Every structure is written in structure tokens, then in C-alpha cells.
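Take a look at these structures.
Look at the two complexes coming up: chain A is in both, with chain B in one and chain C in the other.
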Partner chain A sequence: MKIKAIFLKPYAKYIWIILMLVAWEVTAKLAPVSPLAFPSLELILAALIDSVINGDILMQMAFSLGLILIGLGIGVVLAFLMSFLSVVSPVFASFTDTCVSIFHPLPGIALLPLIILWIGTGSMAILFVIVHSVLWPMILNMTAGFKAIPEVYKKIGMNYEFNTLQSIIRIFVPASLSFLIAGLKISWARGWRAAISAEMIFGASGGIGGIGWYIFNKRVFMDTAGVYAGILMIIAVGIFVEDVVFGKLEKNTIKKWGVA
Partner chain B sequence: MKNVDVNPIIEICAVNKSYEGRPVLADINLAIRPGELICVIGASGCGKSTLLNLIGGFVKADRGEIRLNGRLVEKPCRQCIMVFQEFDQLFTWQTVRHNIEFPLKNAPERLSHQEIRSRADHYLAMVKLTDFGDYYPNQLSGGMKQRTALARALALSPQLLLMDEPFGSLDAQTKKELQETLLEIRQETRATTVFVTHDIREALYLADRIVVLKAGAVAAVIKNQTRNTDETRVAEITALLSP
Partner chain C sequence: MKKYIIILWLMVLVLTAGCAKTETAGGQKTIRIAEQYGIAYAPVQIMKAQGLLEKNCPGIVISWEQMNNTAAIREAMVADRLDAGFMAIPPFLIGWDNGMDWKIATGLSSVPTGLVTKTSVNSLAELGEKDRIAVPQPGSVQHILLAMACDRDFGNPQKLDNQLVTLSHPDGMNALLSGGDVTAHFTATPYLEKELATPGFHQILSGNEAFGGEFSFIVGVTTKKLHDQNPEVYAAFNQSVGEAITFINDHPQEAAGILSEAYDLPEAEVLAYLTAADTEYSQTVKGIQTFSDFMLKTGYLKKSLENPGTIIWEQTDYED
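== the complex of A and B ==
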């Protein structure tokens, strides 16, 4: 019973991770596997520490995260503009709906050949892919959130003589925050995947490349431990953003308000 | 019968309203004097909420006109605040105090920080929620939510308070307490109030005058100076309401 209780705790995730690492190490040490394909944890850790000390992996990660942040920012602003216009005008709303149904299912990577034709390879192209990955799920969630606003809130906004923009900023946005956070989570996850994939394809030509390029490069030089180090960094950042950034955000807003 | 020396705050003249060809209100005429508490009573679907929404400017009349202090009502305004039946009229993302301060912070006339705080304190005390200022709406009971909504409406010192069955979803005991609070507030603020309800006893307890709506028309306007809620009075009004 005690063991079961441990796995119901929020930190259960980390117990599983430790178990997986142990299994990994046992396999690497005892099974007849090539260290080139299946390096032991010491090798991976050494590669990671080495890369952290010479600053390479951190710089690449910072570069990727910076791109994502800018892309998220642009995507959220564009999504807000389109959602706002959709609230104001039903005609624009139908245009937005059409755009979402066309572009939402389209992976940014599929657009990459075209993007390379339009703006070449480099950071701008990666940014374009990120914005594309962020924009559509964000619009989908924002408009759904605005549609779910209780009728009384709209009436209260009218009663206080707010114009549409004031109503949206002061009432609609906080009232639909659970939708907006959900949208942000999806957008982040999509943007992150898209960015790493795009970096793997042409990171080198635009500045320092990013974490995707880092992994690709390590593979080219047959530094398998380095590849795993890069993957570990990606997982760590993913868990950090999910648990710490979004976790905190939710705890201080929608969970506190009892609307989650 | 009209009181000639006081101008009515609200004048409703020959107002008609229909939804999709179905008449809801027909030829409504009513004048409300400053400081009055009017209860509009009627069966569900008789048009009482529509009447309130017309006065508030939330819907437009098909014919006829409504004037607030002589000025035509065309859209909702801050002088005429509505309190709803729904508990979710409070902003879930703000504490009780911030809900009350919200309309003041967003007022066209810039109020100082202290002014806003002291007004919020004043109305928190008035609705007996002084100790609950830091609570979020999801931590409150239904009655407390409606008290907060009332304080938020009062904070703007509106000329007219419109109440759409605000106590309709409360249990009998809480309802009674809120009715008493409303009467106390009235003593203090003399706010003109139009209160829609389907509860005859509530109307008899609160109102200066009771407007009985039946099938979209004013069936009777009853003076209620005595505030007598005994069974004969209830039966009298029930008779007016029944077809």
C-alpha cells in the first residue's frame, strides 16, 4: 500500500525517470550493445558536462528558446488581432474559421520547402515555421474562449459603457484565461517541435543554429553521447516549461480562482 | 394620481416589444419617481425581464420610448446598473474587493486610489462583507455572491438600480437576510430600484409599488405603503395574476 501511495504523488514522474535511467545503465553495461548506439550514462553525462562547460549546448539552447519566445510573442499578438476582429465582425469570423480549418492541420515542416523559396534558410525561416505552429491553435482556443463568455459578462461590459476593445481586454481575456493557457500550452509544444525540426534541416546557415542543429551536428561526427545529451536537454526544458512555467501560471490564476 | 411636483426618473411611454413576431410587451406605460422601490411581478414569460432589459437599454423597443431623467434610453449606461440572478455575474478572477472596485477603476472620471478604496470599504460594510474582501467568488456562498454583486452595483452610485430576480436562486433564510439588507441600503442611499421577482411575498415585503404584469400588459399597479405580507394580501395579488 505504501508503494502505491508513492506513485500517486506529483513527484511520481521523477521516480519513473530514475527507474528508467537505472534500466538504461544496466542495459548499457551488461547487454551486448555497441557504445556507439547505446552509450552508458557516464558517457552521456560526460558529454553533457563537457558541452555545458564549453558553453556550446547552453548557447544553442538559449538560441532556440529565444526564437520560440519571439515566435510565441508574434503568434499570440496575431492570434489576438484575428480573434478580436472575429468578435467585432461575423464576416471576419468566417474568414478566420476558414483559415484555421485550412492551416491548422498543416504541419509547419511541410511548408519548409516553400519557406526556403520565399525567405531562404536561416532564423527568419525558423521563426516563420514557429509562428505558423503557434498562430492557429492559439486562434482556435482564443475564439472558443471568447465564445464561452457568459452572457452576463457581456451585459456588464455594456453597462459600464466599455467599447469592444475595453470589454475584451478587461473582461473577455481574464474570463477566458483557462482557454488561453490551454492554447499557449499547445502552441508552445507545437512551436518547440517545429523549431527543433527546422533547425535540424538548416540551422547552420542562420547564426549559431540552435539545439536541433546541435543534435544533428553531433550525429554527423558520430558523437552519439552528444546526441543523447542534446535530447536530454530538450526533455529537461520541456518538463521545466510544463511543470514550472505553466504549473506556476495555472496555480496563480485559474486554479486560485477555482475555474480550472 | 401622478405626483406633479416630482419629475419621474423613469418614464415608459407606450412601449411595445415582440420577439420573432410574438408580442412580449404591449403598450406599457409607467412612471417611476426618484427613490421609489418598484417590484415588477408576474408569471414566467410574462415579459418582466424584457421590461427590465428595455429600461436598462440592453434591448430596443419596437415602438414607444423610455426616458431616464428626460433623456431617451438608447443603450446601457453607468447611471443605470443591472444586478442579475446568475451567481456567475461576479468576475471569478478578482476578489470581492476588486470586484467592487472594478467599475470604479474603469470609471471615466479618474478616481484616486484612496477614494476607490474607501468607497469599496463603505459598500463592503453596507452589504456586511467587510471580513470577506480578500475572498475569491468561488469561495463564497450564493448569498454572499449576490451581496457582492449588489455592492458592485452600488459602488457607482447609480441613479437607478435594476434587479433581475437577484435573490431567485437563494434559500428562504438567505433570501430573507438579503431582503433586509436591501431595505437597509435603501434607507441609506434612497436609490431608485426596479426589482423583478415572481415571489409575491418578496414584492409585498420590499416594494413601495407593485406592478403586476400579465401576458405582456400592466394588469395593475398596487400601492404598498403598509408592507403587509399576510395571506389576504398575497391572495389578492395571486388573483390578479391568475388567468
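== the complex of A and C ==
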């Protein structure tokens, strides 16, 4: 029973991670695997430290994160506009529905050959892929959130004689915040993946490139430990955003308000 | 508890299922070859179409694996899913440098390569900071050739590295011709000819100028495992590549017929590529020492190549 109690704690994730690392090291050390395919933890760590000190990995990470922040920003604003217009106008709602059903299942990477022709290969193209992967899941969540707002809340807004802008800020957003945060989480994960995939295809289009480019570069020069180092960085950022950024956001809003 | 055991067992099953692979057990006549498309790989296609391996090694089981990227071929060889593949010399050297157990078995081809730009750019020096140069990937032969030219012209092999864009040949051609931010493309036959046939584009550097002589564009590489454990198959592989090359050189018309079907290109066009002055199919490996010296000097390699004989199998011809 005691063991079970440990795994119910919030830090259970880290126990599993340690167990996985141990399993990794044992496999790398004892199993007959090529270090080119399965480097030991020391090699990976050494590659990571080397990239931090001598390389651009931190700058590249910041570059990727910056692109995603911009992409998320654009995506969220666009999604908000489209979702709100859909709530107000049934005609626009059918247009948004059509767009979502066309574009939501379309991976940004599948559009890459076209994007190269339309906007070239620079950061703008990567941004386009990010916005594409952020926008549609965000719209789905936002419209669902807006639709789920109880009628009585909107009536309260009318009672207070809110204008449209006021009712958006005071009624629509807080009442659907759990949907918005869920949408943001999905969009972040989608955007993060899209950005890294796009970087792995375009490379450092002028400048140092992002973390996807780092991994691609390590791959073509057969630095397997470096590839794993890049993947570790991506995992670390993913966990950080999930646990710290979104954790804080939820704690201070929907959990505090008791709407989650 | 029982539930957990079942879950664990399922996980093990799923994980190990991915490890199933076609083994090359010693004695069994099996070979797994990476198949790639393009004029530079023409002898591979001829070898396949004419069944040369089957003829030279009766009873052989060949599995042709579709691959489109040198890095994937290297990774497949590390994972023991591939015995032989074809690639340029620099990616081979990178694998050797990182401890891969493989050597060059044969030369395959030299084809026209070059840097194509808009006609407004007349030399490497005129490529500004805003210009983007498409190459298949860093560490590819195109990238190394560009670095060689930059080293000679400016004393700085990395001069243009921050302006590279990684694009496959067809994507690179589209990006160049669409007139976007990509203003130069280091490519090879047949994309090179297609770009040069488009008004507004010209070649400012050829591969041979960059290299300072002739070199093998594509070579055939096999793992030590194939060479040591399956000498009969290895010999048949080498012999078949040789016969395919001889066939192309002696009967270009017939070869073009076979290839035009495989590549879905007009026969006359394929024939023009096969017989172009700069296109040569030969088993002699050219240029390893020059590539390796340059890549060592510029830090792309850590190991120094003392003697080309250590990275090619015995009986393979080479010159430098």
C-alpha cells in the first residue's frame, strides 16, 4: 500500500522518469547495442552540456519558443474573433464550421510544398505552419466553450446593460475559461510539434535556426548523442510548460474560481 | 496485481514487435539494398531491371528498400536493416568518422552538379546576406562543395553556412523558380538542367570547379557484416554494379529505354542525361582523399584519413 501512496503524489512523474533513465542506462551499458543508435546517458549529457556551453542550443530553444509565442498569439486572436463571430452570427458559424472541417485534419507539414511556393522558406513560413496548427483546435474549443455558457449568465450581462465588448470580457471569457485553457494546451502542443517539424525541414533559414534544426543538424552529422540531447531539451520544455506555466494559470483562475 | 502483469506483458509484446527484422544469417544468400531514384543512380535501376544480381548469385533473396535520404540509409545500416546503399562521399565519411563499420565497395557515377542562381548574381562574392542557398542538407556533397569554393575564394568555408536552407532537390527547384527568398540552389542532374533551361537562371559554379577536379558523385557502400559474412553475395553485388555500368556505357539507347520506364521520363531526355559530357558511370572511386582532407581541415571530420585503402574494400579501384 505504501508504494501505491508514493505514486499518487504529484511528484510521481519524476519517479517514473528516474526509473526510465535507469532502464536506459542499463540497456546502453549491458545490451549489445551500437552506441550510434543507443548512446549512454553520460554521452547524451556530455553532448547537452557541450551544446549549452559551446553551441547555440539555448538560443535555438529561445528562437523556437519565440516563434511559438508569436504563433500562439496570432492563432488565439484569430480563433477568438472567428469563434465570437460564430456565436453572434449563425451564417458566420456555418462558415467557421466549414473551415474547421476542411483544415483541422490537414497537417501543416502536408502543406509545406505549397507554403514554400507561397511564402518561401523563412521564419514566416514556420510561423504560418504554427498558426495553422494552433487556430483550428482553438476555434473548436472556444466555440464549444461559448456555446456551453448558461443562458442566465448572458441575461445577467443584459441586466447590467453591458455592451458587446464588456460582455465578452466580463461574461464570455471567464465563463468559458476552462475551455479556453484546454484549447490553449492543445494548441500549444500542436504548435510546438509543428514548429519543430517545420524547422527540421527548412533548417536555419538565415541565422541559427530553432531546436528542430539543432536535431536535424546533429542527425546529418551522425551525432546521435546530440540528437537525444535535443530531444531531452524538448521534453524538458514540454514538462515545464505543462507543469509550471499551465499549472500556475489553472491554479490562479479556474481552480481558484471553482469552475474546473 | 494480475491486471498490472497483463499490462506489462502487453507492453513488452508491443515493444519487441518493433524489433522483428529480416536477418542476414551467415550462409543464407540475402541482401538488403537501398533503392534511390535519379540519373546518378541509373546503374542501380539497370541492375534491378535486368536481374543482374539474381544472375550472378543464383538463389539470392534481394530486398529493395525505398529510401530517399542518405541519413536514413546510414541509420538503417546502424540498425542492421540494410546491407548496401549508394550515397555521396561526404555523408559516407561522416559515418566512418563516427565509427560505422562500413567501406566503399564501388564507384557509381559522376554527374553534372552546380550552383544555380538568378542571372542578377554572377559570382559567389555577389551573394548577399539576404540571399538564401538551398542544399539537400548540411554535410551533403553539395554543402561540402560550396564550402570548398568558399574556402578557396574567401578563405572561410563557413561563409555562407548561415544562409543555407535545407530543401530536397524538387522542393529546392520550386523554391528557386518561384522567385522567393531562395536565390541559389546547389543541385545535380536532372534538376540542374531543368533550372538552367528556365530563363532568368544561370550556373555560377560547377561541382568540378568547386572540387578542383573530377570526383565520384555517388559511390556504393556495404557493411562489414555483408563483406565478411557473405563474401559470395558481396562479390555478386560488386560484379552486378560493374555489369550495369558497362551496359549503360555500351548500350545507352537501351538503358535509356529501361530507365525512362522506371522514372517516367521521355526516353530522349534520359538518353541526353546518360550521354552528357559531364556524366560518367565508372566503378573507380575518385576524390576520397581530397574530400576527407578538406572535411578534416574544416572540422566536419575528427579522424584523419591516412590512406584511402582503409575505407574501401580490397579490389575496389580508386584514384585521387
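By definition in this document, the second predicted complex is superposed on the first by the 258 of 260 C-alpha atoms of A that agree within 3 Å, B and C clash if a C-alpha of one lies under 4 Å from a C-alpha of the other, contacts with A are read in each partner's own complex, and residues count from 1 in each chain.
In this section, a residue touches a chain if its C-beta (ideal position, glycine included) is under 8 Å from a C-beta of that chain, and two chains touch if they have at least 3 such contacts.
Every value quoted in this text rests on a predicted model; they were computed, and no experiment measured them.
Of the two partner chains, chain C is the only one touched by A:37; chain B is not. With both structures placed on the common chain, the touch criterion links A:216 to chain C but leaves chain B unconnected. Contacts of A:117 after superposition on the shared chain: chain C is touched, whereas chain B is not. Of the two partners, chain B and chain C, it is C that touches more residues of chain A.
Of the two partner chains placed by superposition, A:136 touches none, neither chain B nor chain C.
In the superposition on chain A, A:256 contacts chain B only, with no contact to chain C. In the superposition on the C-alpha atoms of chain A, no part of chain A is touched by chain B in one complex and by chain C in the other.
Listed in rising order, the residues of chain A touching chain B in the complex are 150, 152-153, 155-156, 158-162, 166, 170-171, 174-175, 177, 253, 256-259.
Residues 70-71, 74-75, 78-79, 91, 94-95, 97-100, 132, 134, 137-140, 162-167, 171, 174-175, 178, 180-182, 300 of chain C are the ones touching chain A in the complex.
Those residues of chain A lying in contact with chain C across their complex are 34-37, 112-113, 116-117, 119-122, 201-208, 216-217, 219-224. Those residues of chain B lying in contact with chain A across their complex are 56, 58, 75-78, 80-82, 84, 86, 88-89, 91-93, 102-103, 106, 108, 136-139.
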